[in-house]
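In the two complexes that follow, chain A is the common piece, with chain B as its partner first and chain C second.
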Partner chain A sequence: MHISEGFLSPQVLAAGWVAAGVGTAVGLKKLKTDKIVRVAVFSSVFFLASLVNVRIGPASTHLSLIAPVGLVLGWSVFPALLTALLLQAVLLQFGGLLVLGVNTTDMALPGLIVYLLFAARIRRENGPAAAVFAFAAGFSAVILAAAGAGCFLTLSDPGMAGAVKVFLAAHLPLALAEGAITLVMVEFLKKTAPDILSE
Partner chain B sequence: MRFDAGHICDAEKPSRLDAFDPRCRVLCGLAFSAALVCARLPGLLAGCAVPLLLLFAGRPAELAEVLAHVNAAAVFVWILLPLTVPGTRAAGVFSVEGLSLALLTTCKLNLISVTLIRMVAALGVERIDSVLGSFRIPEKMRVLLLLTARYVFLLAERVATMTRAVRLRAPDLRGRRMCAAFACMLGTTLVHSSDRAERSMLAMRCRAGGDTVLRGFSQCRPMRWRARDTALCLFFAANIAAVCFCR
Partner chain C sequence: MPRRLRCAAIAAGLALAAGAAADFRPAYAHGTGYRLSDKKPLSLEFSYSTGETMSYLEAKVFSPRDEKFAFQSGRTDEDGRFAFTPDAPGLWRLVVRDEEGHLAEAEINVTPEFMAGEETAAALESDAPKGVRLALNAVLGVSLIFNIAAFVSLRRRGKAV
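Let's look at the complex of A and B:
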């Protein structure tokens, strides 16, 4: 999911930084001081999810947990993912520093979208309806992030459109896995710590 | 499913670049990388001296290992782009435009990665936090960075233990059950860690009182801009000019 250095044009990089800057500013403004520690915990969960490798046939990919992070944090998903991606770029060389804005927008925006679309419904509903919304949140967050990455790559160079189709198809199994994991995590949180999902 | 946290490394290894002010390193690294982003192959050739110098400013063998990992993305580029980019076909299969785009992307990927790893990433989280402080980044953001860096290591330890436990209890777990087991494991870790972190924060607030808990949480190291920092900026400015002139 992380876009590496060198793939994007200066215009796309600038647009990514502007979007990430606006999202982070709004997220920080809405973030209360006493909730900062929860955002830090979820930010590190996102960081570590990238280290959980899922085997898909002969290849492997890693989890992202965009949807659970988005569902819990709301607008704070922007500063949370900016921080996590900065640490990934510094400690693991995942993604990069110049592409940090684009990667933040690419992953935080789907997190925010699933929060706006599904968080209230998941809190309100119980049983199969909540499970369906949770699965849809996890699945659509990955698909939206992959589509966003595809858009950024195609806007940088239209020649990459063919490769982007392969990239999108490769994310389908991951989206299904993340949908299932989000479903179980949401059910787990609703049973054991409903207050985490209730804000 | 496998949890692979062995390569997280927070230790800052000393290098010759440590003699320079961190602010100067960040500014030069980002400006030069931005120039490389805008360049085509002639510009990249003109600018490749700086990454080559930086390659030998620390331990080249360690950086080569990191670059091998970074170049995993380049492998997909070399497989996909020559087959998918429309244009003149060489040997009836590979597109010349695709090969040229793959070459350009790989060169940029490596040159920018070397520059940013040596100039910025090698500073480590604490010094990057100080640089962000000197650039007037909001304190909330910097506190979030420091807390996240702390929790990454705490959670990594806990997740590694839990993953080992899941593996030992059910070594042949597959499919839906594997997803459920790992999701429950992640959920438990998350709930426990969140509770513990919030209790720590409450304790800090009890000691500090009210909303003053953030004040002074993230303290900048003193930094001094010297003549050699100005010289480094001039050296990078000359190289940026060369890249822009040749692009």
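Let's look at the complex of A and C:
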């Protein structure tokens, strides 16, 4: 999911930084001091999830857990993922520093979107309805991030127009897996720590 | 035209026509040939952090003389390998990229001794950590996240007081 250095045009890189900057500013403004530890925990979860390799059919990929992080953190998903992606770029050589803004936008925005679409419904509902919303959140977060990465690549180089299709096809199994993982995590949190999903 | 000269021209024309008729293979501007090269090639293997090989992907080699135009381009093989034969000592760069925004870049220090066939080229260590270094960097990353969180928390509490 991480886009490497050297693929994107300066305009796309700048747009990514602007979007990431605005999202992070709003996220920090809305972040209450007593929720900072929660942001650190989920930022760490995202940071470590990228090290978990998942073999799906002939291909292998790594987890992202964008949806669980987004559902719990809301707007704070931006500063959480910016920090995690910065450390991934420096310590693990995933992505890069120039492309950090685009990668943050590409992964935090789907997290925010699934929060706005599904978080309230998941809180309200119980049983199968909540499970369906949780699965849909996990599935759509990966699909949105994959489509976003494909769009960033196509905007930089129209010759990569096929990238969107390639991205979506390649990430479909991961989307299904993350839908299932989000479902399990949401069910677990609703039983053990419902207050985490409460706001 | 004198008669003797005309006869010579006709004879030359007939000789050319006879030669062309005898060798009726398609005519090329240049002949082709091959031989086993005595130059040593360099072969690198590329893989993702997941361990999966970077198979059949676009690869470009840049020589120390020209950073802009590729010295050689092609695709990695099924096992993620790409080989090239450097023609001069110096720092060579090999870039492999896929259509999903992943890019691997290797720098190889080709020494004059390698060119003379005396030693192997020194491939620069990849920056991507593996094994224990990867585990230590992961722990360091989590530690840094909590340190940043503590710093932000303390600053906010300080401001509130």
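Please note the rule applied: the second predicted complex is superposed on the first by the 197 of 199 C-alpha atoms of A that agree within 3 Å, B and C clash if a C-alpha of one lies under 4 Å from a C-alpha of the other, contacts with A are read in each partner's own complex, and residues count from 1 in each chain.
The rule we apply is simple: a residue touches a chain if its C-beta (ideal position, glycine included) is under 8 Å from a C-beta of that chain, and two chains touch if they have at least 3 such contacts.
This is a predicted model, so every value here is computed, not measured.
When the two complexes are overlaid on chain A, chain B and chain C occupy overlapping space and clash.
In the overlay built on the shared chain, the residue A:L98 is in contact with chain B alone; chain C does not reach it. By the touch criterion stated above, A:G162 is placed in contact with chain B and with chain C alike. Of the two partner chains placed around the shared chain by superposition, chain C is the only one that A:A149 touches, whereas chain B remains out of contact. When the two structures are aligned on the shared chain, A:F188 is found in touch with chain B, with no touch to chain C. Look at A:E5: by the touch rule set out above, it reaches both chain B and chain C.
Put simply, more of the residues of chain A are touched by B, taking chain B and chain C as the two choices. Within the superposed three-chain model, A:S43 lies in touch with chain B and with chain C [touch as defined at top]. After overlaying the two complexes on the shared chain, residue contacts for A:L87 are found with chain B and with chain C alike.
The superposed model places chain C right into chain B at 207-215; the other stretches listed in 117-125, 171-179 or 207-215 stay free of clashes.
Common to the chain B and chain C interfaces on chain A are residues 4-7, 33, 36-37, 39-40, 43-44, 47-48, 51, 53, 60, 83-84, 87, 91-93, 160, 162-163, 166.
Residues 2-7, 33, 36-37, 39-40, 43-44, 47-48, 51, 53, 59-62, 83-84, 87-88, 91-94, 149, 152-153, 160, 162-163, 166-167, 170 of chain A touch chain C in their complex. Of all residues in chain A, only 4-10, 13, 24, 28, 31, 33-34, 36-45, 47-49, 51-55, 60, 65, 79-80, 82-84, 86-87, 89-93, 96-98, 157, 159-163, 165-166, 177, 180-185, 188-189, 192-193, 196 touch chain B in the complex they form.
Put simply, chain B touches chain A in their complex at residues 1-5, 7-10, 30, 33-34, 36-38, 66, 69-70, 73, 76-77, 80-81, 83-87, 97-98, 101, 105-113, 116-117, 120-121, 123-125, 128, 138, 140-141, 143-145, 147-152, 154-156, 159, 163, 176, 179-180, 182-184, 186-191, 193-195, 197-198, 200-201, 205, 211, 213-214.
Here chain C touches chain A in the complex through residues 48-52, 95, 97, 99-103, 127-129, 134, 137-138, 140-142, 144-146, 148-149, 152-153, 156-157, 160, going by the rule given at the top.
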